[in-house]
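Each of the next two complexes has chain A plus one more chain, namely chain B in the first and chain C in the second.
Up next is the complex of A and B:
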């Protein structure tokens, strides 16, 4: 765990307001000083490729804007007023109270205030998300679990065959979350499952959350974020879970993923193989079409791979690039600050995808140290591609190497439904990787390529 | 005798009796402003509110522009992560002033639960040493957030203790967000830090001999030097326009505090006049400098639109006995401007406009709106204080026009805009989107990448407005496909239903 942080890769727990906003028709109610919510929006939404306020984020977020009075006398009454106002003014299916540092330090019992409203039948949930308690990943889990405990609640599941709840990337913290979740949903539907994707444009919203207890199984598609949630659901509703730790990018991993899901819920193997066969044919038809480019320009293409992303996306993408495109991994940096106890596990997961990854993996939340490490390894090389945030763009430009965007903060690009997940995502990544070659000043035409 | 600088700047609701909640006509607002302590304005607030920025955020907006400095954000990682947005753009803007300027270094002491119990001093020291060793900046600025204030970190004394152990000058900026409801307190908080450490006479080489002529020359230059106090959200093009106008009067111009280097605050003490561009920014600093360094100051209107630019230039010229020259300049500039506006007038005339943003600039922008013979239908300001008074004088027939004082609070804005039915909204960044979703074209008020000030700025406003009004198909499209978060019943209610006067 880092002490000081240079070049941040995640926000504080309060950024979980974006998790709430990612559920269609849902509103955060922030009990914190002025500024906390707008900062979280600035980093998590604007800083993720200018994903805007959406339905009601940004300046629309209800907030107590706690000041000295609330710090000295407590802010519970102001919170009550704010919730009352929000329920009157805003159209919403779910309201989640999130606390900031001030209210948690002065000891407001915000969760109880939220419960008062829930008892009266309003869809209100409370969660403590003070920034000093943890980061975006922590806040996300706290909020998801709070919604399950307080809003979905203690009901008797009516298990529906083939229904799955998906827990995977963290909305906004994964800048491609909208496209990714849509992509995962599409893949699972292709093999015949019905999917509660829970967040984003392809989610039905709160009705999917209410439907969580009825799932046949939960799918955790991430190395560790969300593990607490699927365990909670197992305990609460006796729903089994499949933990698939590698985010599927490209044909090999996606096919493996679909097979494992099929096996877990005992889907008709033939049907799953039929889907995989069709998808792989399409994938490799496209894949082959870049062979001319690669054969021609092999000497100009980047080969050394640096990845700066959370352990979900970083491992998935790196595995694809090494195993299917022949990159040489140099540094794989996981920025999600997992507990020490699972760092070894993460390394093992990466090594399970290839011996080439030996000694390349590092857990590091301090961007300054990541930069220093990459600088040391990259030396005079001009053959590297760095996948990461805006900071890596600057580093790549300075060292005359290439870059592709993979993680936040991203202030120099606009993101709508881009995704690198699955078969299609793998192809999309190829386009971005190799197109970046032509964004370098010295490489704009074929002749210049040869003199490079 | 120089007065000691107070340990932290007081909040503006205390010091200036400024207000954040009002909804009524301009006549009613002006009436309140003329009462003692701003009448009912000061105490008013809302029983329901939406998020807005805190003084910490706004302080960073200024501090991140300072060259050769590293800003350390002392708090949990969330305090200040929004300034990653400055990383690329901020560098480009700095380089407009100094091509070799480097980009933003983002550093946080990253306080966690353990620090909340045991104090943040240890981590703060660690970051300061790191910044000093790694980046060798001239200045290290420590901006402290809510958590250090609540757990009792004494930033000033921590920095004093460390000063001898580092090469950089350590500047404390105490700006915890919960201290004030007025974001604008940030200006005072930043100046408070600058006063503590950077405002000191420059270390000039002493000349062994200086002829009378050389001495006269030196003193003459100082007598002709004006410090113009800029704002972070104005552009380099704005500065060039201001510089063009003032150098036409044979004055030397320095720009402070945004995008200056820390030693510029010393050199700025060798000047004849301090002039504020936006009145609501600088009085805390300029009054202190006047009392302790005896440089007079001018806080009046803002040079947006021709009437206010005329007035601003004249007020400066008066201090130097240059009224005649200024009149001639103003006359010529107005002639050129008048001619340049002709192509846009037909398209813009009669269009209904709503203006929203900082109090001073919206009123000045309203004057441009009137100049273009557009119809001003409503105003919305972030906050309200006495500094808006001189700007109001440039407007005509506004007594019955509605003005809403609200920092962001788009729920009030949608209600009012829905009633007033403007054709276009001119708005500060951050709450324009909802109006765009209502189908209106949005014209961004002020910005660091385009010209808005002075005569050329007025031309630019007209040119851009004209372009935006030509095709608003994007917004019309948006309004067709977007669900709005506010209930139908809210639009039917009075927009000020949640404002309480006490």
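Up next is the complex of A and C:
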């Protein structure tokens, strides 16, 4: 894999300010140069379908705006002033100090400064998120773990039966995170669980975080991001975890997922099957109604699949499209820069969902190389659909193929509660995939878009 | 002392232009204090996130046609490249140019590089950019990380330039070096002046340099009325075009904050005269701007004819708009100088200018002859109350707006516009900095204000359901500038 990056698909660790903002009523305090916070916002929130500043993001983020003075003389005092000011003017349940390149290179002990405030009883946490330390995924884990270590802390769990903490997609880095987390919560509630979803509109906020140690189990719904977190929780609170690596999209995977969760916590099997039966009936009632369209537009249907997304969403969506909609996988690109040691595992996870995926999977964070590879594979084909970011839209248009939005950056769409998770998400993806046919140019069943 | 010197970096604005980031008072007082250099660039004890010089530099370097950019930084510094790419595509298509693609590679500085240095990475990024994009020049954008670890960009640039045979241009836009993000414009211009611009081979008497942000193509039709051609700079100019900007008849710009540095150097070093009246915003400034350009290009009588015709054309609709907008108060929130431009339109629409905040303020410009747009605004609109300077800081601006209660707000800065919306104030985003130039610009702004007022249910609905993050203590605090004076724990 290249270490240079063209067309970046993630920001730096400091973008974890968005992880903080995703917790209701929580504030990042950025100890970094003057542009870091707004760049991270520009990419992760503005560039994720205009999700916006929400309660307190965007230009409202507290920041030391470190300058030459802080670089030469150290910035700890400036950080103290900024935390003091933030606690005074902002209403918040949790404040997370995030550091940038300037403060981490000059060696400010920002975590200790945060601790000074915590010791006085303020809900302040510190995390080192300098850009050179890692990417958005790394920053997310660092921040989540820092909140657990410093804010949830060493308490004795009072285990509540049927309570689960969910760790899954990375807020904002997954542009559909709000709808996704709401969808996952709904699914789990349907089989009788009580859910700490931790982020987004359907989370109760900080009270859910304080409740983390009391869960019966932790659910990791992602191939690798969050694994350190559930391991930390296992060690800290002796909470077992279920690692379900495939993000459930569509009927087959979602039913499989619910069964596995049910088995793990020994839920009443009949109850789980009743839920699955009801959900599948609804799903397939809708699903078969595409048959008229499929029949009529056979010549125009995209069949070759390219997916550019992180390994959570990319694998989940690709599996659904290949197994339930008959797509032929051509290139599945994971952009989340997982460690070398787990790249093989990711490939195995994908292969476990179908032999068709052999030799289609690539871990690549350099968008320029992804583009070059797709161009080479796509050749003269007009039968492809590329699921990805704004960059893939341009590539699809240039090669006269179709696209659907799946990953950041996304600058030309507005996202509220859209999601592709679960049964309903699978249906929603069908709508978007096939509707993309009509967004290109006037298409009818008799004008063969791809063959003329 | 000459404005340009051959040193690798241009002096930051705090030292060069005595810029300030905090002020509150009125326009007369700010203008007087500026002349006396009586304001310093002191910070505040508590602040919200600003922007950095790199972010400004990239608005220039990303958009040079046939150029590539190496961001010598961790990946976070260049993440807004996709947004620029989309802007470049849209504007190049609108201007009938070949679709512009932003060609950027990040050297992706990582932890070990901060210990052992990243020069090798920079070299390989430059060669990779050469291989992938076949550019005619490569800009190297510095970053906080590359600056603090002391990367020698100059040596790598010289070395690779020899090897590749085209200019490799370091841009010293490290975010921590200046509190004034506009320093990034100067940094990019300085790199271009040092390594790209050539002496004129001939003079092009009908060519006008227009320094602008990447906006709509309104200057070409506008200056066509004077039979002049437009050299849009720097976004979407090609490398060849940049090499020959010294051949133009004169240089104008849409905003003093953007381009007074390069305009002054072009005049001083290459004899290209700079238009030294404010940019063409509002009817009176547009008149004077056209006259000044006409003087440089010997078109005085044609200019008078155009001015007369254009006045006659817009007057009827202006009358109508003034009636519709009568009694409304406008607040302007924008970068220094450009805020003055927008504010100068307000009087033409019969609106009241209730106040203005600029995101910084240069106490003077690069050359004493350059336009003082604040003074010009006072001249055209009288003294203005509620004039402040702060670099975004919505916690302060919020209190100012709640006190003044404007009917309309106009903002030129991304992610500040939503503050007005959250407060239920119909707000215009002046993202396209060319949009309101000239006589038509006044009319268009009037129409936009009118539409914003007629559709204000949307923003009122948003405001009714918005919860602001600020504490009661802050919302009740009398002094919006509390943190500039001190802090008690």
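Definition applied: the second predicted complex is superposed on the first by the 441 of 452 C-alpha atoms of A that agree within 3 Å, B and C clash if a C-alpha of one lies under 4 Å from a C-alpha of the other, contacts with A are read in each partner's own complex, and residues count from 1 in each chain.
Throughout what follows, contacts are C-beta pairs under 8 Å (C-beta built on N, C-alpha and C of every residue); 3 or more make two chains touch, one makes a residue touch a chain.
Bear in mind the structure is a predicted one, so any value in this text is a computation, not a measurement.
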| item | value |
| --- | --- |
| Partners on chain A (chain B, chain C) - clash or fit | clash |
| First (chain B), second (chain C), both or neither touched by A:247 | neither |
| Partner chain(s) touched by A:177 [first = chain B, second = chain C, both, neither] | neither |
| Partner chain(s) touched by A:420 [first = chain B, second = chain C, both, neither] | neither |
| Touching partner for A:46 - first (chain B), second (chain C), both, neither | both |
| Chain B versus chain C as contact partner of A:391, first or second or both or neither | both |
| Touching partner for A:209 - first (chain B), second (chain C), both, neither | neither |
| Residues on chain A lying within both footprints (that of chain B and that of chain C) | 3-8, 10-15, 27, 30, 33-43, 46-47, 52-53, 55-56, 58-68, 70-71, 81-82, 84-86, 88-92, 101-102, 105-106, 130-133, 135, 368, 390-391, 394, 409, 411-412 |
| Residues of chain B defined as touching chain A within the complex | 47-57, 75-82, 84-85, 87-89, 103, 105-113, 115-116, 123, 126-127, 130, 134, 146-147, 150-151, 176-181, 183, 407-411, 430-431, 433-434, 483-487, 489-490, 498 |
| Chain A-facing residues of chain C, complex | 43, 45-55, 73-83, 85-86, 89, 103-111, 113-114, 121, 124-125, 128, 132, 143-145, 148-149, 175-179, 181, 391-395, 414-416, 418-419, 467, 469-471, 473-474, 483, 487, 489 |
| Partner chain B, residues of chain A touching it in the complex | 2-8, 10-15, 27, 30, 33-43, 46-47, 52-53, 55-56, 58-68, 70-71, 81-82, 84-86, 88-92, 101-102, 105-106, 130-135, 367-368, 390-391, 394, 409, 411-412 |
| List of chain A residues in touch with chain C within their complex | 3-8, 10-15, 27, 30, 32-43, 46-47, 52-53, 55-56, 58-68, 70-71, 81-82, 84-86, 88-92, 100-102, 105-106, 130-133, 135, 368, 389-391, 394, 409, 411-412 |
